[in-house]
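Following are the structures in question.
There are two complexes below, and they share subunit A, which is joined by subunit B in the first and by subunit C in the second.
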Partner chain A sequence: MKLVLNGKQINCSASLTVSELLIEQKVKMPEMVSVELNGQILRRHEFDSTILKEDDQVELLYFMGGGN
Partner chain B sequence: MKLTEQQIERYSRQIILEEVGGAGQEKLLTSKVLIVGAGGLGAPAALYLAAAGVGTIGIIDSDKVDLTNLQRQVIHHTEDVGVDKVVSAQNKMRAINPDVTIRTYRTRVNAENISEIIREYDFVLDGTDNFPAKFLVNDACYFEKVPFSHAGILRFDGQLITVIPEETTCYRCIFHSPPSAGVVPSCSQAGVLGVLAGVIGSLQATEAIKYLLGIGDLLTDKLLTYNALTMEFRKIHLNRNPNCLLCGRNPKITVLKDEEQVICHLKGDK
Partner chain C sequence: MKDDTLAIHGGFKDDSSSGATTVPIYQTVSYAYKTAQELADVFDGKAPGYIYTRIANPTTAALEARLTELEDGIGCIATSSGMAAIASVVMGLVRAGDEIVAAAGIFGGTVSLFKNTLGRFDVKTTLVDAADSERFAKAVNKKTKLIFIETIGNPRMDVPDIPAIAEIAHRANIPLIVDNTVTTPFLVKPKKFGADIVVHSTSKFINGHGTAIGGAIIDTGSYDWSDGPFEDIKQLSGKAGQLAFLTHLRSLIYRDLGGCPAPMNSFLMLQGLETLPGRMAKHCENAKKSAQFLRNNPKVNWVNYPGLPDSNFYNNVVRLFNGHGGGLLTFGLGNKQKAFKFIDSVKLAKNLANLGDAKTLVIHPSSTIFHEFSIEDQKKMGITEDMVRVSVGIEDFEDIRCDFEQAIEKTCKVEK
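And now, the complex of A and B:
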């Protein structure tokens, strides 16, 4: 299945949940990622239950705490 | 206010810009910007805002200059090691531009003190280095209705977003609440490229000036991300989150509170 991840088209397994996508994409610390799916920010508890579809637009937004 | 001849000469390179002009320069000179944190992000922002003639600049920091700061906090010099950061920053801003009134706050922001400080300002720049402070700045600016620029940096990555409270996507719309302890490294543990702070802090100063002048398109409802290794800038379009704990339809946060400080460890650290 194709979807757009952070602006780039990727191939991933069909019917993945958001949690599974994070694993498949080897996101090391999923707790530091917020996920926007087709323009809407997901709630963390929705990661397991949200199934991705062909051509979904997914943005992984990372916590960045530095500034000093 | 009327510009003096010396001011017209000092600011000539931006007064000549159609979007700024004499009226814009006068607007800057009567504007007030608060910089929270005189560190990596705050340093370039303070220098450029002072140079541009923002009339009143407030700067908050409780720390003293440390040798490890000098690699990126370009407002502090070698002889400032051991000096209060707000004093060091004030000296440099004054040296650049005596037109500017500097207000220093040698304190750590918390839910008790931040609101009365920020309500004095037209725009706030978040240059803090930890999650509780970033959420506090977001929440306080929301309650006081003060627009601000949020930014974060780590290693070779940086990101920023401008927030107009009640109108555009806020930091909590995206990130809900601070990550749990132990998952997100800090700059002191993970490192940061010095010039990255300069890039992102300068972009924050750009947003402040655009907001004050009412020109251009602000970075609202868009998170700008930057990676120094790939030299890639990306603008991620965002929408306000109806489930936002702060500005959503059923807000859970109705009064300003401090988030707990999490102690960050890199994976593998004990």
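And now, the complex of A and C:
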């Protein structure tokens, strides 16, 4: 399945949840990431239940670091 | 997950390294990286990571995640106090020459911040009667950058019409900031009624035991930062999206003001949150019973509790808080002397400057929280010299009633 992650098109497994995407993409410190899916911030408890679809736009945001 | 569950489990899965089920206290100033490049990438925002506890801390991050869930927001920044939360939010939005419109009956510390401290930086604040939403519309002008209200004005006990005031703010394309300290997300989620930013003094009901000072800022995700009158935040929204305001705070205002919580205090807030749903229910039940008891006592001149059906704000309490009037009430015995005598006579209740504790607390607002304001200004803020404020605790109601009854008897005996 193709989707856009931080502005770049990537290939990932089909029917991934957001939590699974973070693992598959080896995202460091997933507890620190905020996920914007198609322009809307996802609530953290929705990471496990939100299933990604073809061409979804996913932005991983780190607003904790202070260096933005 | 439902709110009662989120209060216990929200924002934290068992610690990955130890399996600890309680959020560990990361009592550290800083965080080491193996290479110079790794730390440089974190500073640059290219990689996630903690830098310095003044900016972020894992214990505090768990508290922020839980509060985000409970307020149905998109993100949170925990602060060293409620005042640090309000100062960070407001200083993140206003510049010299800008204006604030706020409800008149709010916490004295907040009024002082707006009028005295921010007044020194050429920021003007107009206070308006929270009971009349149209006054907010009349007070807003082109210089106004935000409207600030409390869910229940402390200690005026007025309950503003949050949806009507939100509409006024949004018509002017400015955010509505709502202080949800005295109601907590368990009585109302201000987002539901149009709030853009929610602030808390977590030292109160959230902590619940008078053990730590803290505050929090939650962005509800309702305000479009890419389209507001805040140029620097607008520019950030290209990169940070909906999180533009919190990024603006975390990477500038909050970072520079230095109002971060101690990790130990964040832990104490997390502990408090776990029991908050049950405590709030009991606070409300005991406060309503206390208000009814005081109302029925002929020696008491007046009682102000928004959860009483004859309160001017009862309709808003029903509409916004599902009928729960909160844990605070005020009452009067006729004059300042009697107010002092009552406070001196209580045995169970504590005379101190705090609210939301498991213990019943009393205070004379005029001579304490509002002492820096003239009696005339106090009247405008709804403070009278005979007012006693009670933060009704979660003890057995009969013990609270007996304590108040004996204190009223003692007070009125002196008068004869």
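Convention: the second predicted complex is superposed on the first by the 62 of 68 C-alpha atoms of A that agree within 3 Å, B and C clash if a C-alpha of one lies under 4 Å from a C-alpha of the other, contacts with A are read in each partner's own complex, and residues count from 1 in each chain.
Assume a residue touches a chain if its C-beta (ideal position, glycine included) is under 8 Å from a C-beta of that chain, and two chains touch if they have at least 3 such contacts.
All of these numbers come straight from a predicted model, not from anything done at the bench.
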item	value
Which superposed partner A:45 touches (first subunit B, second subunit C, both, neither)	second
First, second, both or neither for A:53, with subunit B first and subunit C second	neither
Touched partner set for A:34, first subunit B, second subunit C, both or neither	both
Partner chain in contact with A:2 - subunit B first, subunit C second, else both or neither	neither
Subunit B and subunit C contact sites that coincide on subunit A, given as residue numbers	28-29, 31-32, 34, 36, 39-41, 43-44, 59, 61-68
Partner subunit C, residues of subunit A touching it in the complex	27-29, 31-34, 36, 39-41, 43-45, 59, 61-68
Of subunit C, residues touching subunit A in the complex	1, 6, 10-11, 42-45, 47-52, 55-56, 58, 61, 65, 68-69, 72, 74-75, 221, 236, 239-243, 246-247, 250-251, 255
Complex interface listing, subunit B residues touching subunit A	37, 39-42, 69, 73, 126-131, 134, 151-154, 157-159, 173-176, 179-180, 183-184, 186-187, 190, 192, 197, 223, 234, 236-239, 241, 243, 264, 267
Touching residues (chain side subunit A, partner subunit B) in the complex	6-7, 28-29, 31-32, 34, 36, 39-41, 43-44, 59, 61-68
